[in-house]
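Worksheet: one structure, shown below.
Labels run A, B, C and D following the written order; every chain starts at residue 1.
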Amino acid sequence: MVSSGLPPSNATSDTHNNDDALVLSDDPLHPANHICELCYKFYGHGWVTGTGGGISIKRDNHVYIAPSGVQKELMKPTDMFVMDYHTREYLRRPQVFKPSACTPLFMAAFTKRGASCCIHTHSQWAVLVTLICEAGLQDSGKDVFALKEIEQIKGISRGGTGSTEIAEGGRKLGNLGYFDTLKIPIIENTAHEEDLKDTLEKAIEEWPETCAVLVRRHGVYVWGKDVTQAKTQCESLDYIFQLAVEMHKLGLKWV
Amino acid sequence: MVSSGLPPSNATSDTHNNDDALVLSDDPLHPANHICELCYKFYGHGWVTGTGGGISIKRDNHVYIAPSGVQKELMKPTDMFVMDYHTREYLRRPQVFKPSACTPLFMAAFTKRGASCCIHTHSQWAVLVTLICEAGLQDSGKDVFALKEIEQIKGISRGGTGSTEIAEGGRKLGNLGYFDTLKIPIIENTAHEEDLKDTLEKAIEEWPETCAVLVRRHGVYVWGKDVTQAKTQCESLDYIFQLAVEMHKLGLKWV
Amino acid sequence: MVSSGLPPSNATSDTHNNDDALVLSDDPLHPANHICELCYKFYGHGWVTGTGGGISIKRDNHVYIAPSGVQKELMKPTDMFVMDYHTREYLRRPQVFKPSACTPLFMAAFTKRGASCCIHTHSQWAVLVTLICEAGLQDSGKDVFALKEIEQIKGISRGGTGSTEIAEGGRKLGNLGYFDTLKIPIIENTAHEEDLKDTLEKAIEEWPETCAVLVRRHGVYVWGKDVTQAKTQCESLDYIFQLAVEMHKLGLKWV
Amino acid sequence: MVSSGLPPSNATSDTHNNDDALVLSDDPLHPANHICELCYKFYGHGWVTGTGGGISIKRDNHVYIAPSGVQKELMKPTDMFVMDYHTREYLRRPQVFKPSACTPLFMAAFTKRGASCCIHTHSQWAVLVTLICEAGLQDSGKDVFALKEIEQIKGISRGGTGSTEIAEGGRKLGNLGYFDTLKIPIIENTAHEEDLKDTLEKAIEEWPETCAVLVRRHGVYVWGKDVTQAKTQCESLDYIFQLAVEMHKLGLKWV
């Protein structure tokens, strides 16, 4: 659906002189198309209600970012911002939109974890688990969501990309196992989204096994080495957060 | 989908002599098309179940209104009523339908707030928060829904259009911040929808920062300066109402 | 979607000799097409899960009925049974399917109320309200669901068709008002669906204002004078049942 | 949708030399197409979130199996594994994917019950009923889910295929009746999915009337003599599990 309204792309190089060449492609997996398709799907999941949430995909040195404050299910490839990964300058900046305040947070996942896709949702299940933790209603502690012995945990990779250096030395690979405890750090929300940068970066550093950071009363950031991994981990986490809320309602313990 | 079944419009002026010229257009954002597309989406959200709810869009001096008592997901542009904004006379009035009883309420948002789109939903989450308030189960008071420190509140503009005169003098602009308390007044329902007019107008006047009015045991009216703002605020509010109900079930306080 | 795979119908009369002429039409509102489209929608609502539920439309002397035990979202017009309204003989009876056990129940709504569409769902909300009543957890009594002062009640017509003779004499017309109490009788389930016939007919007779009969631990039958009325009343009731379950969870009274 | 992107199949025999001939067909009910369409639908039901879950269809001596670790809603027929039923050798094994760890579990339903379709979901309702049983919150026991007197139980066949030998001798046919108690055994989860094989086979043997096996904190396996039966039983069970969780929240007993 995304690509059907597009003129066939005949761009052969993405020179900076040609703004639209960065975002027009008839490849449905081109980041500018892929972001539109994913946001349409995420809208259906209730993750990006009312312009909330966002997504960024890094391809080579180009970072594609959905704009701020737009209806996520209706985005077009030409709405997309494109940033140079190294210089952090905008190669493409649609004048009618504001850049996403999530940009420094997406970049944190790219630079500190080698991720190339990062998804931010306002999922109600993510918000509710942070509230349950804040109120001390489960034993996982105020600043971390923890759950164990649920099969879907096996859908989560160590560090978000399946490879992480653990502080005590040694390197761990692959996904969590059924008997591992999933732990996702929770940081406090701030008045302005970009002000989450320092605490989010700190959480990424302090939790080498995490694929995500929860933001209290706000939502979650989830990353992966590619789009598939980021998206499927975001789905698995959302399933886990919803299950955790339902478990809590039934009086069942998470850990 | 909405426009696919339409004959290509060759209307070049919307003279009153030509009824259908007011509603036939191949522009998907023409109000008559846009209302159909939005109601199809709102049906999927559970907002306009069983002919409930409604929507109106004002463009220049024309007010487009979905008819009363129709299946909202199946509307066609030719089902639409069109009213002159100043004279309040119908420029177009399909004989097979009844005009919407919500019309004076939509007009209140247009005249008192300068809105140009107003959405009325029967969302169950809206109804449930009015019931929770009525029963005094939260501290927000019987006649106002209040919630604070939830990120999605930032999706709500002051006054519904992002500009409002506050009683104590001074003018406030833009959206609510994370540390602002969202407050939505609740009015009592009446036997006939049009009888809500006076209390709804009074609520709009007494609550200059609100973008919406809740109607007890009934639903909510939400407006915006344009369709995008009205729709995204309606989504954000619905997200907030649902979250508030879930918070209540978990024993968590709203404020 | 339903009609797209059909050969253009060239039937000019529905003689009994030509089986398929009764169900092939390029009119999307022909009962055989309409039933397919509605069941696809009802599947999305969770009303006809796993071959459960059903629907019948009467047009003139022909009664169209979805077969028993089929995947309701995948039906084709040629799957349809057609019965003569007066003789109750099948004019069309696909050999690969079984006739619906709901048939005598649909006929009860047609003969006793003058309805021309009847919908049967297995909605979980319908089942849950019958369980809440059975357990005596609300004040409405074991054998009747009752709710009042909810706007959506206004979507329900007296008697299901908007015209009914009340026992004490007099005739009531139109829909319920906001201050009327909605009451839906509940009958006990039986081992075989067709055995519900007598108690369902008795409930229809004893409750002249009802548009529906709930079947304990099973679901609901809802009718209307035409398809639109039956469908929108079924939606309004389902909304009301779901709201009632949520109200019950919040400790709120129905009446 | 599944078949639209496929070249028209001109395969006339599925020789092992021609890998793609096993999976390319313009028949939407060919197992390779059917699996894709079903997984797209199951994704919408929340059954195969984040690469979880799976499905297998047996046709003649060919067993078609969705690969491990893929986005189930996006599968293509060429993603499919094909195994010889008798030799258990792969006739087709896409090098880019891993075979499903569910394979021995699907085969158990085929060999021990004569099923030809088996569906594995991670449905949250399935997981939650296993947790409720584990915690002893209902009377059905820790290792079996039981529910009775709910109409949807009639959608479940004895043994999953409608024919089963009961231990005490005698043969039972057809579906459960309204007054039968539905019982689904629950087995404990293991670190690796393939290690469920022995306990799942044991459960199938010990529960001749069951059409499914629940796996604690994991999900459910459901089978049928054909795709329609497996799918509709999976839907009926999921409906029943969700209803059971809601009943539990309302303080109602399952048996």
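In the analysis below, contacts are C-beta pairs under 8 Å (C-beta built on N, C-alpha and C of every residue); 3 or more make two chains touch, one makes a residue touch a chain.
Chain by chain, the UniProt names read as follows: A, B, C, D = Methylthioribulose-1-phosphate dehydratase.
Since this is a predicted model, take the numbers as computed values, not measurements.
J.: Starting from the defined contact criterion, work out which chains touch chain C and chain D both, please.
T.: Chains touching both chain C and chain D: none.
J.: What is the graph distance from chain A to chain C, where chains are linked when they touch?
T.: Between chain A and chain C, the shortest chain-hopping route counts 2.
J.: Any idea if chain B and chain C meet via the same residues, over half in common, or different ones?
T.: different
J.: What is the Cα-based rotation angle between copies chain A and chain B, on a 0 to 180° scale and rounded to a multiple of 5?
T.: An angle of 90 degrees brings one copy onto the other.
J.: Measuring centre to centre, with centres taken as mean CA positions, what chain is farthest from chain C?
T.: With centres defined by C-alpha atoms, farthest from chain C sits A.
J.: Centroid of chain A to centroid of chain D, CA atoms only: how many Å?
T.: Once rounded, the distance between the two centres reads 32 Å.
J.: Measuring from the mean C-alpha position of chain B to the mean C-alpha position of chain D, what distance in angstrom results?
T.: Centre-to-centre distance between chain B and chain D: 45 Å.
J.: By the touch rule stated above, which residues of chain A touch at least two different other chains?
T.: 249
J.: Report the residues of chain A in contact with chain B in the complex, numbered from low to high.
T.: Listed in rising order, the residues are 46, 49-52, 71, 122, 124, 127-128, 131-132, 135, 137, 189-191, 215, 217-219, 245, 248-249.
J.: Per the contact definition, I'd like the list of chain A residues that touch chain D in the complex.
T.: 149-152, 155, 177-179, 228, 231-236, 238-239, 242-243, 246-247, 249-252
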